[in-house]
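Below you'll find the structures, each written out as structure tokens.
Below, chain A partners chain B and then partners chain C, in two separate complexes.
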Partner chain A sequence: MALLRHSSRTRKDTSGNRMWVWLMLPGTLWMTGFLIASLALVAVLAVGTTDELGNPRFGFDLSGVRALADPAYTEVLARSLGYALLTCAICLLIAYPVAYTIALHGGRYKNALIAAIVVPFFANYLVRMYGWSVVLSDDGPVLRALRAIGLADSNTKILNTGVGVVAGLVYGFVVFMIIPLYAALERLDVSLVEAGRDLYGGPFRTFFFVTLPATRQGAAAGLVLVFLPAMGDFVSAQLMGGPDQIMIGNLIQDKFFQGQNWPLGSALTMLLMLVLLVGMFGYLRRTRKDEAEVRR
Partner chain B sequence: MTMVKLPAATAPARPAATSRTRRGRADRKPRILIAVTALFFALLYLPIAVVALYSFNSKKSLTVFGGFSLRWYRAFAHDDVIIASLGTSLRISLVATAGSVVLGVALALGLVRCRTRLGSLAGLVMLVPLITPEIVTGVASMLLFKGLGIALSTGTVMLAEITFSISYVTVILRSRVAALNPEVEEAAMDLGATRWQAVRLVTLPALLPAVLASAVLIFALVFDDFVLAYFTTGVDPQPLSVRIYSAIRFGVQPTINAVGTLMLAGSIALIALALFIPRLFGRRGGLDILSGE
Partner chain C sequence: MSPEVPPPTRRAMLRAGAFGLLGAAAGGCGFMPAKKPDPSLLAPVKPRVDGDLVYFNWADFVDPSVFKGFQKEYGVRVVQSNFDSMEGMVAKLNAGNRYDIVFPTAKWAQRLVRGGRLRRIDHSQLTNAQAVFGAYDYFADPWYDPHSAHTVPFTAYKTGIGWRRDRIGELTGSWKDLWSDKVKGKVFLLDDRDEVLGMGALELGLDVSTGDRADLDRITSLLGTLRPRLRGFSSDSYNNLLNGNALMTQAWSGDMAAMLNQAKDPSVFGFEAPKEGTPINSDCYAIPWNAPHPGTAMLFIDYMLRPENVKKNIEYIGYPMPVAGSEKVYAELVKPFPECLVTEDDLKADLFFRNGGRAAEDARDTAWTHVKAG
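Then we have the complex of A and B:
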């Protein structure tokens, strides 16, 4: 029947299809023109040169790309990867219990509680980071509390250390872990957990064999959503870290604003994109495998 | 907790047993989990509270509170540079919101309804900004403008922000369009409307709450955006976020506490409004606006 109706409408449908294409066209052309073209330009400039005035020139010169092999840069890349991965792990460890508590024990305050987390996270990133740097400063409330319970002495510092940078990244992006985890935990079929308990699984065994696998996709999505911005961030390293904690984002910023070495900046940007694409690819392969397993 | 093991034959008794155990589990609140969540909330709000509190400080300190005063708000009101930046940011947000909502709504409608290869290609293009970190988008936009010989200015920030925001609008609207029943449009056409009239008179009014909510959200996101604005702005007057960035990089300026407090309050109010708008229209509001689910 659906087929019949479809064929009787064919003429109208093709004209309609044309209208949908016209609706789609401006936005798609805009994005292709601005975004895809500009990303391609970064790739082109990565193998370009600059003239005496520092203006970029197109050409084929691999000095920018070759400079990436400089230990000074590989060290920064390795550090950025380490910070970003550590941030992912810490976000997971923090977000899981929080999302779990709200989803399973939040009762009728569930929505209000999750909104209370999400809303401030979409407020100004810089102001929040600035406030966080004040909180973590040497006379700030966190270090004072840690000193009071004997977990820190007067020499302990958070700012200007790697700990500070990671703390900044976690504070900046933990919400991207909470949202997908909360969605997964809210969808979790409680009767599955109860079945686990009925079958004499202890709370820990039930958690590790029932709850955790059921929310694995939410966690994977959260890891990607945290990894992407954490890897490209430069504000946290600037506000929370010192010269020894710079990340690849700081290098890129420096090459475009202070150093004026655009080919090298473009090459660094492409390198960052490459790392992120590898991460995305791993995630997509993982979820596809998961989906195949579910189908089986 | 001891559990009665039910044989399969007594299946009808099971639902009662399940609901009892569920209530039993919910009553036994896990104290450690609640403590962790409470600590999380405390640390989440502490930085915001510190900025807000010290914006009312009579002293120029971030650790000693001298007493309540509005002097930093007064300083802000008399700071012409910051006021000019505020104006720039508002203009950018307005233009970027208008542009990206028009393009994004049209794109969402087309993406859902159009079943051609072009449609799936457009769907891919739309995803690119969502998986590209902002610093890459910022660098790329700056290079494009420089490459085209366009001097960086407030206008270039607007163009870059529109590009970045289209995807958000489309993601939010796409699920709403998909949830609409296309037969209503067909009914309008059977009653003599053209397809365009059907979209304008039937579909768009049904989408209005989601369109308004996404507009408010985009306004707040663009107003607060820093990275993209930082890479694409000209010299003067810079957007407020960029101004704040240079201020906090070069030491503490209590005026920034006042500006920051006002900005936090403004965007928190806007985002809460975006979550609440669908309810005003009697629909389920909430976080699906943010996640696009």
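Then we have the complex of A and C:
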């Protein structure tokens, strides 16, 4: 940021300024209209009410907010937090070696390899998850094959378990971890690693004291990009989970559909936002510290 | 890239932002206290071509050849759009979208009628209405729309138990079958608040739509004994039975009937309507108050009620329709699952899910959260 400011134009160029206005207009309209205003609407509905026909209405009624005290919500929120953190950790473990290999050893196939990772994500997440739920079903190809070679019995199941849900989340969001890590590793100054080796650092020490710290920002970005959607996800729990794997996203969806309790649904959404904001705040402070360190 | 922003730019941005907020506020108007439309605007209209038909229904709920026939005969286009839930449909209506014909379920039809959102339908203007109202007393004056003044029934269905006959043999014909040790860990309940609470209520001999907290506590603790035996909550009964995840599942009769078209060997499946009672539901044709072409909508209803079209639709979607003469078609279709039939007696048992007041709905919502989240 600071660097950019120094390098930007010193000469006043009015026509250029006008161009920036027009270029920023669509984005600004989009963000205020569809993000900020929608969030404001949700916040207002959280203290709203429902009319005698069950339709959500503006008003002032705290029963939706008060209902959050029900321990069921805290429990499900805690479970979602656990799943999302676990997903982040697994994604990091999978993505780092993948991104490392492509960025440092991919050679001229780098772009092709990254494309190969991204292309499957052109298909809708819901459709892919639905596909998985068929593939992993009790009479599906995976379990049938495992049974044939004696690795599973008739009671073995993958679907409707916690493992299934977290696997679904990892599968769904791992690409958001690979891309920023790849970007960070690609930018990595190889001479730093060489310097580490020259100073008698073994491969492990060099990795942990040179490579890893240099790509910390990429990892942090990836963690946020995975954590946010994983925390609010409901598709994985719905298609891969059972009664004991319900996530906060499923409950929120229920409030807007089955219960027609939009105020409570909005209040739950705001609670989830609050939890995410606290996480984001921690992340921003961390990155600011990193930036300060880099500048020093 | 973030260039420095001179003052006029920032003001322009704020102005743009305010404009965006205004747009969203307009979208929020759907949440203002609703005005009831003037009843004089809801007067019935005669069936006549007054434009293309703007049609709004579940996806795949009418045989495409019926649309083609209608377009050809009346020289109009059918402009189709679909909803994936009643909530979504009503949200779009409330936001001011205009459709000529919609298909609410009984509970939602009542809400729309009470809110003054449906145009009245004069049955005497429909040449085929007698086959419905003459043969099915129940719909001459249903609870959701007195004298069916704003609606014509479309389909009816009930909720029972679907199971894998090839794996577990015969059942006892009771909701208690869901607790059977033979299927422990392989049972699904529908992912539907009313159906799950309603099943518990029937098992305990309570009102299916109860909003009473003491009743709901009993239902919640009964279902608490089923929960550890459950594989999940899912409304995809057909696939769950087919791919072996479920040996038994709560299921809608129409979905089980639709399965007959697709399953290679239907005898491996079964469907029972438990003796404690089965929740019943129906949906109907309705014309919204702001329909741009209500005359064409009237023509469409009449066209859909022609015997040959009723037959086509029943065979296409697997749901029975309360139209005299169509019963045989449906009975033939569901021969392997005779309990899919919806009879006049089923209707009179009246186990429909009703609208509760705010307090009752909130209590049911809380109970559902506890059943589902444990």
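The definition used in the following text is that the second predicted complex is superposed on the first by the 239 of 296 C-alpha atoms of A that agree within 3 Å, B and C clash if a C-alpha of one lies under 4 Å from a C-alpha of the other, contacts with A are read in each partner's own complex, and residues count from 1 in each chain.
Heads up, the rule we're going with is that a residue touches a chain if its C-beta (ideal position, glycine included) is under 8 Å from a C-beta of that chain, and two chains touch if they have at least 3 such contacts.
Note that this is a predicted model, so its numbers are computed, not measured.
Looking at the superposed arrangement, the partner reaching more residues of chain A, out of chain B and chain C, is B. Touch criterion not met for A:201: it reaches neither chain B nor chain C. In the superposition on chain A, contact of A:128 is made with chain B only, not with chain C.
Contacts of A:256 after superposition on the shared chain: both chain B and chain C are touched. By the touch criterion defined above, A:45 reaches both chain B and chain C.
By the touch criterion defined above, A:21 lies against chain B and chain C together after alignment on the C-alpha atoms of chain A.
Shared-chain residue A:94: touches chain B; no touch with chain C.
After overlaying the two complexes on the shared chain, residue contacts for A:37 are found with chain B and with chain C alike. Contacts of chain A with chain B, set against its contacts with chain C after fitting on chain A, overlap at residues 17, 20-21, 24-25, 28, 30-32, 34, 36-38, 41, 45, 56, 134, 137, 139-140, 238, 256.
Here chain C touches chain A in the complex through residues 1-6, 8-9, 12-13, 16-21, 23-25, 27-28, 31-34, 85, 87, 90, 94, 111, 114-115, 185, 191-194, 227, 230-234, 239, 243-245, 355, 357-358, 361-362, 364-366, 368-370, 372-374, going by the rule given at the top. The part of chain A that touches chain B in the complex is made up of residues 12, 15-17, 19-28, 30-32, 34-39, 41-42, 45, 56, 94, 97-98, 100-102, 104-105, 107, 111, 114-120, 122-132, 134-135, 137, 139-142, 171, 179, 183, 190-191, 194, 197-198, 200, 228-229, 231-235, 238-239, 249, 252-253, 256, 262, 265-266, 269, 272-273, 276, 280.
Across the interface of their complex, chain A is touched by residues 1, 3, 5-6, 18, 21-22, 25-26, 29-30, 33-34, 36-37, 40-41, 43-51, 54, 62-63, 103-104, 106-107, 109-111, 113-116, 118-119, 121-122, 125-126, 128-129, 131-137, 139-144, 146-147, 159-160, 162-163, 166-167, 170, 189, 195-196, 199, 217, 220-221, 224, 226, 231, 241, 244-245, 248-249, 256, 260, 263-264, 267-268, 271-272, 275, 286-287, 290-291, 293 of chain B. For chain A in complex with chain C, the residues that touch the partner chain are 1, 4-5, 8-9, 17, 20-21, 24-25, 28-34, 36-38, 40-41, 44-45, 48-58, 63, 67, 70, 72-73, 75-76, 134, 137-140, 155, 157, 159-160, 238, 241-244, 246, 250-251, 254-261, 264.
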